[in-house]
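Here subunit A shows up in two complexes: once beside subunit B, once beside subunit C.
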Partner chain A sequence: MYDALVGPFVEFGFMRRALLGCLAIAVGATPVGVFLMLRRMSLTGDAMAHAILPGAAVGFMVSGLSLGAMTIGGLVAGMLVAVLTGVVSRTTVLGEDASLAAFYLISLALGVMLISMHGSNVDLMHVLFGTVLALGNDALVLLCSIATATLLLLAAFMRPLVLECADPTFLRSVSRLSAPTHFAFLILVVINLVGGFQALGTLMAVGIMILPGAAARFWSNRIGGLLVVALVLALGASVTGLLISYHHGLPSGPAIILVAGSAYVLSLLFGPVGSLTARWMNSRQTFFRRAVP
Partner chain B sequence: MSAQVALEGVTLGYERQPAVRRLDVAFPAGSLTAVVGPNGAGKSTLLKGLVGELQPMEGQIILPARSTAYLPQQSAVDRSFPISVAELVAMGLWRRLGPFGGLTRANRRRIAEALAAVGLTGFEHRSLSALSGGQMQRVLFARLLLQEADVLLLDEPFTAIDSRTATDLLGVIGRWHEEGKTIIAVLHDLETVRTRFPTTLLLARDLVAHGATSTVLTAENLMRARQMCEACADEDHSCGRPANRPWRM
Partner chain C sequence: MISASGLRSVRAGLFRRVGALALVTAAVAPVHAEPISVVATFSILGDMVKQVGGSKVSVTTLVGADGDTHVYQPTPADAKAVAQARVLVVNGLEFEGWMERLLEAADFKGQLVTATDGVDALEFSEGEEHHDEHDKEHKEHEEHKDDDHHDKEKAAHKDEHKDEHKDEHKDEHKDEHKDEHKDEHKDGDHHGHEHGEHDPHAWQDLANARIYVQNIERGLAKVDPANAGEYRQRLTNYLTEIDKLDAEIKTSMAALPANKRTVVTSHDAFQYFGRAYGLTFLSPQGISTESEASAEDVANLIRQIRKERISAVFVENLSDSRLIERIAEETGARVGGTLYPGALSPSDGPAPTYLDMLRTNARVIRESLQ
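Moving on, here comes the complex of A and B:
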């Protein structure tokens, strides 16, 4: 048991680094994912994950596989797409969903094109699927910094963020914090995706953000409960995914996301709040209450 | 003493199309006013202008913004959002607590009192998704109670709720009126307006009449308001939706 669960992390430095990186991503990205879900913006997170690709590609073209350049590039591209989406949806007939879809598709195609033109397929795979087993000190510092900044910003904006999610009209009527809250939240989404793509790649980073939050919705009816359950699931998926990847020689990023996905499917089936089983049992109880006066 | 609300030559609208035109109206402090008119008359637009959601295309609105509470026509509250009734009502304390203030024991007592005032004692820990439409409206009224505003703007507060809830909430509005608050409510049920609201503003994009309810809600004024809105619809005017919803007399 020790060899299976602890041994790989004790024996190999790259596994310890991967573990620390994944835990940092989980701590930062999971609460952001919970609020994305509560704001019905889960697909926005997915789109933004694709939108950062051309920025990372430009960083790659300028400095190769440089962490700083790719991070700054991704951040700029993500914020640019977020701002352009907002401007188009507020000034034209196009809605926010269609506007975001248009920009992220353009971004994705542009990013793949740039990397293909200036790098190899291996480079492209690194950007798309991450290099969780090759995280350096710089990457770990970045991931831990992003997690810390995320927790601090969320603590500062928690109340207006909850209001913005639950009743945005009310927040606008009592405070001017609506727009700053929305913008701060978008920044959190983008920096966590940028951090996530270092380890999991642009295609997988959004998975650790969204899946634990979606799974947690079947376990709790309170925001605090959702955040705790989502974090536990994300941490568990990170550790389990890395171990499965190590023992079976599988790619780490997809292994972590598949474990998180399994947690989601199990929660969907058996969670106590609004899952298929919970709803079936409720309808059964209602039926018997009606049948037996 | 609650504040006075005044509109001076105010035009409000959407995308450069006016929906309410050149309104000169004053709501005295402590007044209880019903805003009535056919569909598309600009009633909700007027409240959105008062609350600051819409900026006037021309004219000036005088209103004590810091002490205004607003209940929109279709509340944007996400009923599936995972918070309790007490947590939603506590939002009414925003101006007192701000983004960082903690809920003291006194605040919790105020929340319980607000829920008791709307007949929802014992509902503190229920989820929003477990509430009926009438119960949800009572919760929103409890939140309004905690806002302690001098001016209350209510947009069709009794739509799609049961008659008992409507009666109870009319009682709450009556108590606010006795406390000297200025209340402006958009309503469709003219019988309720006649029996409960001393002042009425009749709107058909332009002001038709404003004053004592008995002098405003005359057959002649109501017909005139309807014709004004129908004329706008017939001319494909910028007035918006056709005026096809009858008043409930």
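Moving on, here comes the complex of A and C:
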């Protein structure tokens, strides 16, 4: 038991680093994912991941495989898309979804164009898609800083953010914090994705952000409960995924996300709140109540 | 209204006419003494074509220096180059996974040269359990090659292949890979591998390079018989250089002690080099740069490096070096230098030509293992 669960982390430094990296991502990204889910913006995460990619690619073109340049490039591209999207949706008739789609597609195409013009065929995607098994010190520092920043920002914006989820019109009518809250939140999405793809790769980073939040929905109706359940699921998926990758020779990133995905499917089927089982039990109860007055 | 079949016959007619035109130009071209246009899929083949063709050919290389052929995306310009090419040189062994689509799209009508035709292809090794077997194989191979190494007859090579494949491949390899695709499917069904069945990085063995350039020479001579004599001459010169380097590397590697013969690289591209010169190559990543390493692979590799006290690991010009750097740090091994697995360096780098590339790789490995 010890050998199976703890041994790998004791024996190998890269496993400890992978674990720390995953935990940092889980702590930062899952609360953001919960709010994305609550605001019906889960797909925004995916769109943002695409918007970031070209920025990071440009960073790579400018200064090679440098964590700093790629992170800054990704942040700039992500923020730009986030801000432009917010401005367009708040000042014109176009909705948030459509303007986000438009901007991220422009960003993606621009990135691909730049890379092609640069003429390098080095597999950029592979360079950009980090692997959780190769986290260096600077990458770990980056991930932990992002997690810390996320928690602080969330603590500061918690109230308006929850209000914005529940009733954005009400928030807008009573407070001027609506727009800043929205932008702060989008910035959180961007920095967590940028951090995540250093370790997991873009698509995997979206996975660890969205899946635990979506699964948590079947376990609690309260915001606190959602956050805790999502975090526990994400941490569990990270550890389990790493161990599966270690014991069965499977690639780590997909292993972690598939474990999170399984947690989502199980929650969907058997979770206590609004899952298939819960609804079925509920409907049976009402049936019996009706039958036996 | 034009019916579909009508349209098809119109198209077929058009093709016939274009085809006839191509034939006419083909017949006329040598008179103009224009260099014949050759497209090579990646930089190593491009260099070989230049060496054999000299001023009689103009070479277009699709995947340039420092480019990764495994994951290349062809562009319309590539399709245009292929369509206009008289000779197309590919590596084969499913190295250029995107080639089939490009050939279809470009409607290529010229001479296709598969450089690995007749090469004694290695099967994919799956992780460490096969390395020992390979090691044994290496030694046998070495003996064979020493025997007929300086013999420039192609026949010698053919004999060599037949000898070496007594065991598993009896059926498939006798017909000299005339139709690789068939071969691969057969093998694929048999072993259930996902990629092609054979390791495509055959150029890492200079003995295979002999076959590569002979295939190229044959292709050029067929399309441009007027200059066949010159191709023949250049080929002979080039083969002499290849043999010289081969002997050099053999001598230098033979000096390495038996416990200093394991090399760790980031992707599995040096099995042919290992077989030719009696080294064992290990890598955390699979045969293609596309695959992702698992924690188990990395852990096993680290254990092996510790156990065998391997002193140096190597990064490559194409692959992400972060994983190798991590492994180096964890095992205390040095990062020994940059190896060139599947693409030449730009002309100001250490490996601007194929022979320079092998010389550089051998030197870097030799210096770090000592």
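To be clear about the criterion, the second predicted complex is superposed on the first by the 263 of 293 C-alpha atoms of A that agree within 3 Å, B and C clash if a C-alpha of one lies under 4 Å from a C-alpha of the other, contacts with A are read in each partner's own complex, and residues count from 1 in each chain.
In this text, a contact is a pair of C-beta atoms (placed from the backbone, for glycine too) under 8 Å apart; a residue touches a chain by one contact, two chains touch by 3 or more.
Just so it is clear, the model here is predicted, and its values are computed rather than measured.
By the touch criterion defined above, A:H247 reaches subunit C but does not reach subunit B. Of the two partner chains, neither subunit B nor subunit C is touched by A:G45. More residues of subunit A are touched by C (comparison of subunit B with subunit C). By the touch criterion stated above, A:L177 is placed in contact with subunit B alone, subunit C being left untouched.
When both complexes are overlaid on chain A, the residue A:G28 reaches neither subunit B nor subunit C.
Once chain A of one complex is fitted onto chain A of the other, the partner contacts of A:I223 are limited to subunit B, with no touch recorded for subunit C. When the two structures are aligned on the shared chain, A:G73 is found in touch with neither subunit B nor subunit C.
Taken in their complex, subunit C has these residues touching subunit A: 63-64, 66-68, 70-72, 75, 284, 289-299, 302, 318-323, 325-327, 329-330. Taken in their complex, subunit A has these residues touching subunit B: 38, 156-157, 159-160, 162-163, 165-170, 172-175, 177, 217, 220-223, 225-226.
Those residues of subunit B lying in contact with subunit A across their complex are 51-53, 68-70, 72, 75-78, 81-84, 88, 91, 94-95, 99-100, 127, 143, 147.
Interface of subunit A with subunit C (complex): residues 8, 11-15, 17-18, 65, 116, 119-123, 125-127, 130-131, 133-136, 242, 245-255.
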